[in-house]
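Per-chain residue numbering starts at 1, and chain names A, B, C, D, E and F are given in the order in which the chains are listed.
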Amino acid sequence: MKDIYIADLANFEEGKLFDGFFLVLLKQQRTTKTNKPYLNLILGDKTGQLEARIWEPGDPRIAKDFERGDVVKARGSASRFDERLQMKVDQLRVALPAEVDKSDLMPSTTYDVEGLWKQLMGFVESFTEPDLKRLLTTLLNDPVIAAAYREAPAAKQLHHAWLGGLLEHVVSLLTLADRVAPHYSLLHRDLLLTGVILHDIGKVRELSWEIGFEYTIEGTLLGHIQMGAALAERTMDSLPGFSPRLKTLVLHMILSHHGKLEFGSPKLPMIPEALALSFIDDLDAKMQAISSEFEKAIRENKGPDELTGKVWALDQRQLLNTKRWLNEGGK
Amino acid sequence: MKDIYIADLANFEEGKLFDGFFLVLLKQQRTTKTNKPYLNLILGDKTGQLEARIWEPGDPRIAKDFERGDVVKARGSASRFDERLQMKVDQLRVALPAEVDKSDLMPSTTYDVEGLWKQLMGFVESFTEPDLKRLLTTLLNDPVIAAAYREAPAAKQLHHAWLGGLLEHVVSLLTLADRVAPHYSLLHRDLLLTGVILHDIGKVRELSWEIGFEYTIEGTLLGHIQMGAALAERTMDSLPGFSPRLKTLVLHMILSHHGKLEFGSPKLPMIPEALALSFIDDLDAKMQAISSEFEKAIRENKGPDELTGKVWALDQRQLLNTKRWLNEGGK
Amino acid sequence: MKDIYIADLANFEEGKLFDGFFLVLLKQQRTTKTNKPYLNLILGDKTGQLEARIWEPGDPRIAKDFERGDVVKARGSASRFDERLQMKVDQLRVALPAEVDKSDLMPSTTYDVEGLWKQLMGFVESFTEPDLKRLLTTLLNDPVIAAAYREAPAAKQLHHAWLGGLLEHVVSLLTLADRVAPHYSLLHRDLLLTGVILHDIGKVRELSWEIGFEYTIEGTLLGHIQMGAALAERTMDSLPGFSPRLKTLVLHMILSHHGKLEFGSPKLPMIPEALALSFIDDLDAKMQAISSEFEKAIRENKGPDELTGKVWALDQRQLLNTKRWLNEGGK
Amino acid sequence: MKDIYIADLANFEEGKLFDGFFLVLLKQQRTTKTNKPYLNLILGDKTGQLEARIWEPGDPRIAKDFERGDVVKARGSASRFDERLQMKVDQLRVALPAEVDKSDLMPSTTYDVEGLWKQLMGFVESFTEPDLKRLLTTLLNDPVIAAAYREAPAAKQLHHAWLGGLLEHVVSLLTLADRVAPHYSLLHRDLLLTGVILHDIGKVRELSWEIGFEYTIEGTLLGHIQMGAALAERTMDSLPGFSPRLKTLVLHMILSHHGKLEFGSPKLPMIPEALALSFIDDLDAKMQAISSEFEKAIRENKGPDELTGKVWALDQRQLLNTKRWLNEGGK
Amino acid sequence: MKDIYIADLANFEEGKLFDGFFLVLLKQQRTTKTNKPYLNLILGDKTGQLEARIWEPGDPRIAKDFERGDVVKARGSASRFDERLQMKVDQLRVALPAEVDKSDLMPSTTYDVEGLWKQLMGFVESFTEPDLKRLLTTLLNDPVIAAAYREAPAAKQLHHAWLGGLLEHVVSLLTLADRVAPHYSLLHRDLLLTGVILHDIGKVRELSWEIGFEYTIEGTLLGHIQMGAALAERTMDSLPGFSPRLKTLVLHMILSHHGKLEFGSPKLPMIPEALALSFIDDLDAKMQAISSEFEKAIRENKGPDELTGKVWALDQRQLLNTKRWLNEGGK
Amino acid sequence: MKDIYIADLANFEEGKLFDGFFLVLLKQQRTTKTNKPYLNLILGDKTGQLEARIWEPGDPRIAKDFERGDVVKARGSASRFDERLQMKVDQLRVALPAEVDKSDLMPSTTYDVEGLWKQLMGFVESFTEPDLKRLLTTLLNDPVIAAAYREAPAAKQLHHAWLGGLLEHVVSLLTLADRVAPHYSLLHRDLLLTGVILHDIGKVRELSWEIGFEYTIEGTLLGHIQMGAALAERTMDSLPGFSPRLKTLVLHMILSHHGKLEFGSPKLPMIPEALALSFIDDLDAKMQAISSEFEKAIRENKGPDELTGKVWALDQRQLLNTKRWLNEGGK
């Protein structure tokens, strides 16, 4: 575990020295007014990212050869400039692989990934529809896909925007779907759960998460809906005798899961399972976004009688933390 | 039980005589081209409604004194005019109260109302939050409200548009909410369930269901959201020491449950419980609408490979019955 | 060639006998008020469709075994019922294959299909980008696809809704694109033309045109955008060494060609070629719709000073035929 | 009256000393880069608000015990930092109640509140409909409501955003309504005027104006429409024999006065009086916003040939001051 | 005055003979099923229009030479066909000019046109701004324009859709504007009134009202906003020394009076007078539409407890007649 | 030609002296914290604009009498303040007319204006429709209009926002229109080309480009659509015997060329030529905006694998430069 995190620096005494491991998200050459060269960096870890300055890039204690994407060990102090926190770095070297855990450098799920994966596979195991079971077993046993599925964030920033976020979101949805399915007799449970597992699978290619979370160019031009549908279709085509009707239904669920054309779904949900998927996917994403917002409010020392900031995922609405307001609020 | 229902007439041999009990939904005096007076009626029962003509209103076998809202016994034959089915009535008298069961005359829930009511009260019984329990016990023990709550439809025509529909919809939602609540730790279960029970309570005054389902003038001008909020507020104000915060939260859930301003909610959901309520309310209404549509398609002899008609509650989308298509569809 | 067409009947003397070949689009058993069975048909040919009645289905001159989808020879008379034209059929038999040309029975392009196909292949021949040339040659040399591509309508009813309409629309677009491309140096001509040829290729599976123009269930649930992208992707994957960048760009053009999310494109055009494609596709479809509307106005004897009816493809706008108004209009 | 106002500081010679009374709107502890603690304040009065810094919080001339919401006497100088005006405070003490007039500390109506109140009561006096007169007399004689009604701003910032703004807006509307009512014979004058007086009455609880203008949490979750309707309903329920129809109409006017669902009205105007109210309310708010904007332009030395800034209340439109442009504009 | 009006026929005893003068709005040759020729007409007068049939066009009592646009004297009887009223005409001749008053044949204002015109000119007389007075005097003294201004309807069907409707609407607006102007000191009264008089002046060319109310082709392609602005501009250009600023402001008011781009105004109101004009114009049109709707409801024997039909000019809203409901409604 | 351009300063060594000619776009008196007066300027040339400070306005090397709109010669150095580039000016004098070329001071078309003009006149020369030829010859031979037409930008900032931009845009459109017209037989080529030449002619009065590109007040209140239509109408009215139908059509094309009401067109395209014009106008504007964006990306050293910034004219979409990505992109 790291000694100090970006988030810690906010409450750090100004001027006091820190030591820490960070991921280099940006590295730029710049010049001061007096024409002195300096380095402008953005350093990040799992708790956030911060601008950093190296005013003496020629100092022998500053490594020459580090690049964007490297993990570095940096020593320096934090200060506030025009109300904005900033790091001043005095020493910096590239970290050794053994020194740092990747999960410390980018935001990651707080759940145990192996545990989540087992839950996911447990749901697949419970299927009674053989074609859907074959489809998911084949896909999730592909080592490249499985590795990516465990790591991928669910989004660049809206919700579950952390390593393992996709898996965490899917397992939450599976649990929910498994509770909702028996409530409506017209829902085909295995089909609904298949939709849950596959709806965002295109994100393993739409996003890259090596150095920060970014859209790939292919992801930008095609989108995870198309990429996921193509992956699912290719897999179903590879399974001899796979039901063509199930194939159509599975693809329809992936295509329609955003629920509205203006959200990028080329088709609206036209089967009960697709409708239910679009509802619980949206609900789960919003509940997670609210939960993160409430945690952030506590981290920022907002009181129980204060609304949150405006929440992007909820149309810039502000929210009230019911339980805190009832339990801790003033009179 | 009635002998013959409106819906039966569609497959009735033209010209064959029928006998039946119906509710008079409309009664108009008219004149033929040759200046002969006749009566134009709309007769209904739980399966639908149909136009009827009395060509000989002076016939002694036709009662003189029946009015809109009466239940009548009518004898006549069905025929088709310009593709539209129509009843020709030869005899008609006002029915005796003992002759007919009200539930035969208007569409009603297929569930046992007492059973639904017990489930509802069971959920209230399970509350741990004393103020919310007091609120619901007080309201639902009010005999006028309780009677109306058991009878009211959930809507004029969109979903659960039958006697007992409100109760059926609420009990379905309670079951669903009780499954969703433990899934998200930030949800206050009793508050969510209170929202479920009260969100549409204004419909007991917005709608009238004595003779067909209609909006009252008060309902048209004020709406069930305002009427429900007023009823809830008055009840909470009558309970000594009721928590003002819970009062605000309960009212907020009623006000915001349509989820969007353009759907008539004056406020958007700003607490997790209100957001969850708006999602499951919408989902349950749509699932019921789909279910009705699938039943209608079967009634109309549509094949498993045919889409339903355009569904009003789903923006005129057509739907596919997944299970039928997979199980019974052609190749 | 047929002797008489549906469109001719509009100006036909009522009661006069006709003889003709038609496609049976619907066949229903019905009963009159007096309980006599009769047949209700919809008969069609390339000029339109019309309701027909067989009042004596037991007449030996009426074939017993014809079905929806059959081509029949019918004799009867046309009449007007409540302002609507209707056919009364007295004799009917199934036509022999040799008696009738399929292109007489459904609306077809007025262009020579072979000529259009040669133009299409000529454009492909002119490509300098080898991968795109390989892709199109492979696809268009596939006999199943080629046959469907020649026959498919471009839409169910909006524009180019006739056999060969897709090909006609594409060739018109190719000619236009070939004029526009050199005007903007940032356009990659072969890529733009590839987009033109492939943008609607999914329609060969989205629509069926055996008996009237219908959406297939697969087409309804997936849409021609997804179906076309899948077909293109599969073909590109089958070509060894196909440039992955060109693959992404080709797929992007198919996905984005509707130009707006609310028109069912999951991605907006993000490259110049995709933007240009979405413009000329929309323009060509609207120009064809206007042209059809002007022809219809002449057919309906509208004067040069009258606007057309409301045009669906142009948001219910009415249009003025400039040239006619200037040349033939009153003062 | 105060010696110096926030607005005066904009044209103040930098560095020159000032003395003044201000309301403390924010008080924060902070630390400089060199770790020295300082205080960051926001001070306000009726002309605006400004950031202030106390660099020597330990100085004995700086009071220790002042808090957000206190009125203080401050001495210091104004300066510009990065183009933004800022106060540097050298001495500060809590003001004595007698030293300062509350109306100097927050923006207030420029009209005489007593005069406005008399006009309001005069309109009520003129009513001929006894129930409506009873309703308004009862409500406006309630000392708590009357006090709040005189003080409340009409909005947080859009229009009439000052103490007494609600009353000023209502009296302007009453005068206007009284001119419009006789013009349309279908308008019930007393009902229209009742709507004017009550439409925004919920703002006395939706907003708090003790220290700046803020929404209360109850106001945020319920809104002034619901809060006003509840207050009116409770009052009408307390009046024996109050006409139930008038009650429905009065509530309908409050609910529908925003004129559109997307502006937060749960009902659209469905009676002539509600339609007229929504029009004149909107017009009066916009005319006041324009008037303020024109005054601001003059204060900012904009010329008669310049448009105003973008006006929030008019969809970011810019406006031209007709009279100034005609009278003072260049050629 | 005519003996019988279209509106009277609705309550006419079927089969009884009538005599009356009507305007021929449509004349078509048709044939019965049995191939007999007949005439299909639409006859109209100020109270409405109705379909008419002449079954014996060869009868010597039927004039041969009448055309669309003629006024005719017709004798016949009314009957109902499939619930729709229809006239059967037995005798028909072209009317003599002296026999009928044009104002009986098309809906006309119920006000005295001369009186309205005097009011209009009185307002112009009251102007103190000489250029605006010159402009209006010039325009309204043009005999062609003055004649058209007195006759033109204000719309094809939405509001004031009758002869003299434009003038009636403008005089109502002038009275209203004259009451509103002194209420807001930033309004230039003469400019506002000029806007009122000119805002719809283009309708004298956009519409034709010789035979029913129709859009001219020029009106359809250019619209009354552009046509009115062109007319006003041409007139102002003809006045020596007319203030260019007033010209810009007058044109701006005409262009922006619909208040929204999507209602066909190419500019939004950017001066106070234009904003006020767009509000009162909209209000007056809607109040007139409501008033007509209430009259129609009474004509149709709707009770005081019934809502009106859906009102097109108010987004298909239904309305309640406040005064009737309060005074005559049941309990 | 100028020695140094605003755009050069971005890569200028900080502190190094420059000399250059600039247009003064803004001049303001200001005071430092220490009460010292200084001048704040915005200086511009064809490559952009930049803030400049004169810290010693009393220095004899600083001219006293320069104003906004003057061209000045300035000497100083560039520096970066809080990441923003800024000029520090030490010497400044008003430039002599002979010293500087106006086209260096504002962005100008890179095409030869005379060449463009000849192309434009060549198109007019090719017309066969005599009235349209007369109209354009008359308008374009007007020396005031011709001069303005050569200079005007096509927009304030969206596309072709440079001197000569209108002419450049129109010539590009003419070439395109001339290729499209023969492709659709229902297009009247000369009418379409007339629409192209006149559609934006109002911009010669809507915009001023003496000192930067600004909207005139008249332009803001009336818009180029109305101003262009008025200019065209006046010219057509001056031509004896000009066809009234062509007049209506020409005006309709100007009015409708934005294609949508919400884009400020008071009429939608209702003739084929107007529809085609709205398409190619929009396409050409967007292609130019994309082209500029690609050039900017290269200027900013963006790599071939990077998307552009968000493009305003394309709804904030980011774009990919196809050709660069294919030719220069990494693997």
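As a working rule, a contact is a pair of C-beta atoms (placed from the backbone, for glycine too) under 8 Å apart; a residue touches a chain by one contact, two chains touch by 3 or more.
Here the structure is a predicted model, which is why all the values come from computation and not from measurement.
Least step count on the touch graph, chain C to chain F: 1. In summary, the chains found to touch both chain D and chain F are A, E.
Between the chain pairs C-E and B-D, more C-beta pairs are in contact across B-D.
Using mean Cα coordinates as chain centres, the one most removed from chain A is E.
At the interface between chain D and chain E, two copies of one sequence, more than half of the residue numbers in use appear on both sides, so the contact is built from largely the same positions.
With each centre defined as the average position of its C-alpha atoms, the distance from chain B to chain E rounds to 43 Å.
Touching two or more other chains at once are residues 82, 217, 220-221, 249, 270-271, 307, 318, 320, 325 of chain E. Chain contacts in this assembly follow no simple pattern; the graph is neither a line, a ring, a star nor complete. Every pair of chains meeting the contact definition is listed here: A-B, A-C, A-D, A-F, B-C, B-D, B-E, C-E, C-F, D-E, D-F, E-F. Those residues of chain A lying in contact with chain B across their complex are 172, 175-176, 179-180, 183-184, 186, 188, 191, 243, 245-246, 249, 268-273, 275-276, 279, 282-283, 286-287, 290-291, 294, 307, 314-315, 317-323, 325-326, 329.
Residues of chain B touching chain C in their complex: 13-15, 79-82, 305, 307, 318, 320, 325.
Contact residues of chain D toward chain A in the complex are 31-35, 82, 217, 220-221.
Contact residues on chain F toward chain E in their complex (touch as defined above): 217-218, 220-223, 225-226, 229-230, 233, 248-249, 251-252, 255, 261-267, 270-271.
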